[in-house]
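Following this message is one structure expressed as structure tokens.
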């Protein structure tokens, strides 16, 4: 039989590039590559010619010119005299902020709703179904616009807090919920506060280490420790102890109504809340579906086997069903996180200054550099997506069932 | 899946069309209509009614140009543009001209390569606040939350003004005018800023317009006007002189009511004769017919009529002429002579 | 024979109704609503939440006004009817503008003569005849694809429908779509003839090259020539007059239908052994999936023009459709790749052992099965795409959300929010929900496992 696979004797003919299966794939690939390169070259050439004709050749110099506009929510120092690049960075951080917040709340909400949908409580299960179907079948842009409208129309204005017969009041004199956003107390750091923060961070690390150890311990001995309470203790106790030992180095600054607005404290703006809320609620519906599908994908025999072993129902869920379901849930969940991040570009609808609003919005409009701005914008999103998906895939691989 | 459809390719085959190379005017005459970029909807300036008919102060300029070039004020198609898409639409040849309350600035004229053909409305950026706020001047606005429309010169003006007066503010950027109103009326921002004409137009639609004041400070100059691409001077001339014809008509007392009568035969005033084409053949020099201005005025009226019909004191918007009165009445509206 | 005394009962007792606690509504409530303390708490919380939502929503929906010319008039009508504190929905705006929300600025009665096109319809036809007919024909064209019980011959209609639909909507000379369709006929002929003469690879190449040459060089002239000989046409309608849900449906359907073959090619490319082809496909798919649709729409509205020669311009809707198609194709490729990956390896091996070459194996064995598995995924991609068409409002196309801005730009309806968003959301819900039900029906039908 080996004779068949022997290469045919004789010289090389040009026609072999097509008829000989050894060379054919190479031919096809080279032709494809050449066509692709030609196409790209054609596009780039057109763009260069058109831009030259309009008198604005590709140049990123505008990035270092003063932006000239102000941004309300800035996680880093920024004013209107700083460069467009700085403004883009402020926007990028805002994008990341809303994406991170959204992913966390969407996960919590989504898992809760997904589990409740499988609840044996008829009313709750139906309500959750209605929720999921309503949310999923209406465009997210509409939800964002509606959430914003709901916030600015139904929450009290700051001036409702004013005067003797104020119609609204702060919660515990610390939190004010207005239609301009929520004002919460802000921690002010004094001497020694770094130690408290350090201890706090250490205790978080300790919490994870303990969790790992407890798991190993359980695997080795079968003993299940009350990890939740111990973790809670590790989380709070050392930090609180150091806080008092160091003599209250962190104080709170409360918001207070001064002039037009509340002053002091953290201001979580309505645009952030609307976007965050709408994205979380929307993505949660999809995550809920993934969670439900994941739980249902775990074969019934698994929970029956657990019951036969005499496990409690909560243990069955935590030790048998969820770990297996997680492997089914993770991949769709990752793509939902990516969707949420990409959907955050709709911030434009509520005036949240994310990177689409700064680099792809005001900077683009004011400088007229469409090509550069949009290419940079796409690059930013691409990098975010690639980072998120590689991190999540790494996590996914670590929880994946190790098969032979 | 052979049955899958190929609409994209079909459409591609069908809709690839040549655009303006050099002669926009010839292109328009050939295709039989004018493509005009307008805003997506601004009360009094450009909005479509339930039947999709566009009307408004900016739209009238488009119609006048269509009437001058093609003799038909209806031979115009409108492309709604946003702050972001308007300049590209014009630069790429998607629209022939832009009449979208666009401020004439150095950068736009020189760096973005456009030609502003004139000013059809002299505006300036102002502030509107509820009366109950008790604010009488923009200088009192320290710490206020201010709604601004993005994609316009207003946000740069605002940053400059507050910076130079050393007062702080909280900008709330919004994408559209209707969004801005929504936020302002519900108290999510204290102050609304945009061009003074826009403020008046917005206030006019409120339930209780009297509860809101426009602050006295005008913090910028906003000459708004139609614009065309750089490099086609002939077309720029057509749009420029159509606008001038509307202005001259008001100055000379030519209205949509009397234009046909006045344009029948040459009268005593030589400038009217030249304008209406009964003398001098100005239209031919532009590459149009001699009754171009007559057509434009007959279709939409003179500048004053357009103003009164769309944004004047008898409309809900209720703008007074102010700076936009004829120069003979102390305003800035002034046209070079038709000679 | 002694009389037997039975120790057990010999006759059955009549059945008793179960106790109230084990059957009927009370028992149902007990098992389904109040089975445990935590369940009872959940139930009560759900009832309270439901009450708050409905008590806020229902009066607003029903204390409404259907007949008014402006928002202020609406408010007066509602105050008069339901008391001074009542606030209700102003559905009058929907009543006035529902046609606009459905069709945009599409002329209801296109008639008259223009550019030598003989009008084939006048005011005697019902309003919006052309878009309505197109929509109905679309359903007819889709039905053989959606429901396998229908005769297969109907697929021929599905094949010519895109050209027919395009012509009905945009109008113009009938020969333009006919000549465009000819390109596909030529492609088929080229594949048959050249394939027979020089082998299938050349056939495939010819099937690509011949129609492209035809479209670029000849079809325009042929259409012009035929138009001058046999002038048949409809009044052309500008793209800027398209809007509303009609626009959403056009963009959504075209995007999904065109993206399907591209997605198949990309999915095959991604699975291919050829390194360069695979790298190109992976790069394309990951790039498109990594950026938000809105940036692609910016490209469509702002940048695409720069990438074309200076004298070529694309219609705006076409530009958007191109970018939406590219976007959908990347997602479609992943869906189909999932379908291919889900096939048992035995299918590939069986095809190989039958001696089928790659294209035959793909066309006859693997792809039909993979597509069948992927249908639910394709439908959900479509639902996502249909919802995402609302983003075109950001680049000033008049989709339903874009129209809400325009309607609020009218002095009469300035400041109206909830009614418009509510209506648009409701219509989207109806469309998407029915599609997702259809997808579930398919999933059940296609389930061949146990």
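Order of writing sets the chain letters: A, B and C. Residues in each chain are counted from 1.
We adopt the following convention: contacts are C-beta pairs under 8 Å (C-beta built on N, C-alpha and C of every residue); 3 or more make two chains touch, one makes a residue touch a chain.
From a predicted model like this one, the values you see are computed outputs, not experimental measurements.
Of all chains shown, C has the CA centroid lying nearest to the centroid of every protein CA atom. More C-beta pairs touch across one of B-C and A-B than the other; that pair is B-C.
If you average the Cα atoms of chain A and of chain C, the two centres end up 28 Å apart.
The mean-CA centres of chain B and chain C are about 38 angstrom from one another, to the nearest whole unit. Distance from the chain A centre to the chain B centre is 42 Å, each centre being the mean of its Cα atoms.
Counting partner chains per residue, chain C has residues 298, 302, 305-306, 310, 394, 417 touching two or more of them. Counting partner chains per residue, chain A has residues 149, 153, 348-349, 370 touching two or more of them.
Residue positions of chain B touching 2 or more other chains, listed in rising order: 84, 88, 182. On the side of chain B, the complex with chain A involves touching residues 83-84, 87-88, 91, 107-108, 111-113, 132-133, 141-145, 150-152, 155-156, 158-160, 162-163, 169-175, 179, 182-183, 186-190, 230. Only residues 54-56, 68-72, 79-81, 149, 151-153, 157-159, 179-180, 258-261, 263, 270-271, 348-349, 351, 353, 357, 361-362, 364-366, 368, 370 of chain A touch chain B when the two sit together in their complex. Across the complex, chain C is touched by residues 1-19, 21, 32, 40-44, 46-50, 52, 77-82, 84-85, 88, 92-94, 176-178, 181-182, 185, 204-207, 316-317 of chain B.
Taken together, the chain A residues at the contact with chain C in this complex read 18-19, 24-25, 28-30, 32-33, 36, 43, 46-47, 49-51, 53, 116, 119-124, 127, 133-134, 136-142, 145-146, 149, 153, 338, 342-343, 345-346, 348-349, 356, 360, 370-371, 374, 377-378, 381-382, 385-386.
For chain C in complex with chain A, the touching residues are 31-33, 35, 39, 42-43, 46-47, 49-50, 199, 201, 273-277, 280, 286-287, 289-295, 298-299, 302-303, 305-310, 383, 387-388, 390-391, 393-394, 401, 417-418, 421, 424-425, 428-429, 431-433, 436.
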